[in-house]
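Listed after this line are the structures, all set down as structure tokens.
The same chain A turns up in both complexes below, where it pairs with chain B and then with chain C.
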Partner chain A sequence: MSASITGLLKPWTPRLFLVRWSRYNPYYLEPEPRKEVYHIPETELTPEQKEERELKSVRPIKAATNSVTSSVFNDPVLSKFVNMMMKDGDKIIAKGIITQTLENMKRKQVEKYHKAPEGKKAEIECNPYAIFHQALENCKPVIGLASIQKGGKFYQVPIPLTDNRRRFLAMKWMITECRDNKHRLTLMYEKLSQELLAAFSKEGNVVKRKHELHKMAESNRAYAHYRWW
Partner chain B sequence: MELETRPETFSIFRTQENDPACQSEQHLGQYYTVPPSHFHTVFPHGLPPRYQQQVKTFNEGCVMVRQPALELISHLKRADYSKPTLRYLLYGVKGSGKTMSLCHTVHYCSTQGWLVLHIPDAHLWVKNCKELLPSSYHASRFDQPIQASNWLRNFRTTNEHFLSKIKLRQRYVWTKRESTEEGRPLGELVDMGVSRVKSSSDVVGAVLKELRLQAGGTEGGFRLAVAVDGVNGLWGRTTLKKEDKSPVAPEELTLVHNLRKMINNDWCGGAVIATLSQTGSLYAPSSAYLPQELLGEEGFDSMDPFVPVPVSLYSEKEFESCYLYYLDRHWLQHSHSQTEEGKKEMIFLSNRNPSVLERLCAFL
Partner chain C sequence: MAMQGGTALQEKVSRMLSRKQKKPVLKPNKPLVLKDEVANRKIKKGEATCVTEMSMMMACWKQNNFVDTLCSNEMQSFYKCVEKAQIAVKDKSEQQTIGQSGRLQPKQATTLLKRYPNLHIEV
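Let's turn to the complex of A and B:
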């Protein structure tokens, strides 16, 4: 019995080497960081959850990474944005920039809120997280372009994008825009908060870039049948 | 910047008693609003920078009534001003609210008509000085014209109404052609210090000397409050260097020398309220917060005897009050921060430390 378990837990290499792969044996299970799952009393568990708990008590579990927390303030989209902004593995600086950005956005909006007359107060959105999510939504392209080779030439063919790809493109455009088109003396968080507020109201360079991609896709409609998937 | 005045509504974390003299234990933990008209005259330079940002965002300046400030104010009410000055020292861990308690006391002093000498941070005088001129008055000392003129300008804003009433008792000669005669109003001296930047440090010394002599006087007597933030900077080391790269000791700076004379208790008719600060201090370990550690031997001997006033972290009631205030001002925006779970997490992350809580709520 013990011999077969130790056989399963030895260091494992996959048959096909992917770009980003984990050294964990697939036998290991994912950790569960959310607190609510552990607070459900015994009686209210569904059969699947009971089975899962049985499994977890025998199987080994992977170590949780530093970025997952059981905190109520944990936001997966924001964590992804922080990781994309990070350079050379320096998450402290990236996280610091994002928190300063959120604070800056909130300060601007709350100041506007307190100075606005009574009727206009309800329209001003003060929640920086809501603004961030909405701005990202406004920057996500609906359709993308792929370079497909047909008859010796390469054509830009409009293709549908997956959700992950759309989110990645929105974040990438936002970050590159803030890094490149910034005045030498403006700090990153200041520029990022300006761009996010502009994207929230559908103005600004990032939303413009999304519209240009849509226009290119629209103009290349004729090549759409070159796509075979 | 216009600060709004609001109609009176009943709330558990606010009090309508905006006069520090009338506040008592029943107002502990509640926020009172500093009237917008007073704000720029009383606090041109005393407040912490994050608090100034908060005032600008919320469009009002609210201060929490806390135990250390109330204790200080009650001491000031009952002190005997014919005896030598009492020195009060606020100490506590980083971020526990020492500067805010000092500002509360300064507001009390200015509503009671005292002359307030508020030095926002003594550490600013012992580091990062671009221009260090040799003093004209005393050969081995150094002048700091920029810091001195900035301070004089703020002093003028705070104490406008006193400047014409106080008359000088001595003749001061600045250069071969300039001098200020006896009997001229103090305002003239201050204006001269602001315009003639080169001699501004000596002007500061002269102003301090005059105020010290005249504070306890029976004719036209006023009470003098000397509020110094970061007083441990006066007795440590400096980061300034002379031209031959040797370090400058604090006593070789005119501003520091004159301020030390002010903190001595050889004059009467006022009070010295000081705060220790590790944040701006030089060559002090970050875990140090007690008077003995931060003042050093020399500082402690000069300040001794003093009345120590400990400033602690927020109690449960004060934390509740702060939380409700932020909710009221629409500062806590995250949907989870308004739940019980989020509140427990905030208590855990900040340990009820006022400045840590403020920084935490900033991005929540």
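Let's turn to the complex of A and C:
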């Protein structure tokens, strides 16, 4: 809170780097940062893609944000995770923690790889990005609970969740778990790498939390008809 | 014709408010003026979608002690059902906004009324 107040006391100067404004006319289309889309030759386009291209040649397009690049290392899921971990707009620290986490995971996996016998070497996953994605998939809940009022009382009703909501819940649980349940001396990247590796092999507290949510939903399945959508 | 109907209504309302014949039927605490908007309401109450798929998936979970890998078939069918339900909801709302069947939609009625609002200031 003190940081935001001191920010207002400084005299206003225009920004050094121009930042994309986030409110656009709905007429504007989203930019396409991936290179592969533009490398498809004309003949192999489906009719929908051709239509889309014609539309894009007529309509204006929003400016891309600073966090979106056309490089091979651009990962929208990872960017979202970094943004969720960020505090007070400090992206550098959050991105640093994530890079350290990925490096730490890679080191642990490579160590395991070299210690493993010949037959087991192929099963050990060394790519930290693959581990991150698989761990997040293992943490995503399938159904959620909603508080619905019926006859004066509130019931926890099992509802299907959208993909965005599921991804958000998985990331939120991971971050809160790593922030709350860690020893005072362990650093964030260390705890995060431990949790991600545990989630990759379907153990650990985040996967336990997901299972508890499923159990709650299962016990409340009688109230499923209180939904109206 | 609208004017005749309008005056008849005014006379009936003034009769209901008057104290000359018997006790007044209406005792309004606010002026009897219509609002410039119509309430949004859906007449049909919807029902829960994908309940069968959900119950099958939960039965599978109960059998297998909540291990996800053994229940992948049921989970896939549940996801498909949810997707279909979402598409159905979108199509239905689109069809409702386009098709009126003789009546104006509440949102359309509100925009019309807002263009010709009640005068509350004498200019």
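Operating definition for what follows: the second predicted complex is superposed on the first by the 180 of 229 C-alpha atoms of A that agree within 3 Å, B and C clash if a C-alpha of one lies under 4 Å from a C-alpha of the other, contacts with A are read in each partner's own complex, and residues count from 1 in each chain.
Following the convention adopted for this analysis, a residue touches a chain if its C-beta (ideal position, glycine included) is under 8 Å from a C-beta of that chain, and two chains touch if they have at least 3 such contacts.
Note that the structure is a prediction, hence the values are computed from the model and not measured.
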| item | value |
| --- | --- |
| Chain A as common anchor, with chain B and chain C clashing or fitting | fit |
| Partner chain in contact with A:R107 - chain B first, chain C second, else both or neither | first |
| Partner chain in contact with A:P158 - chain B first, chain C second, else both or neither | second |
| First (chain B), second (chain C), both or neither touched by A:A224 | second |
| Chain B versus chain C as contact partner of A:N127, first or second or both or neither | first |
| Partner chain(s) touched by A:V77 [first = chain B, second = chain C, both, neither] | neither |
| Partner chain(s) touched by A:K115 [first = chain B, second = chain C, both, neither] | first |
| Chain B versus chain C as contact partner of A:V142, first or second or both or neither | second |
| Three-chain overlay, closest Cα atoms of chain B and chain C, distance in Å | 26 |
| Residues on chain A lying within both footprints (that of chain B and that of chain C) | none |
| For the chain A and chain C complex, residues of the former touching the latter | 138, 142-143, 158, 160, 162, 202, 211, 214-215, 217-218, 221, 224-229 |
| Chain A partner contacts - residues on chain B that touch it in the complex | 4, 53, 56-59, 329-331, 333-337, 339, 341-342, 345, 362-364 |
| Complex contacts: residues of chain A adjacent to chain B | 71-73, 99-100, 102-103, 106-107, 110-111, 113-115, 126-130 |
| Residue ranges of chain C in contact with chain A within the complex | 45-51, 54-55, 57-58, 61-62, 66, 68, 75, 78, 82, 85-86, 89 |
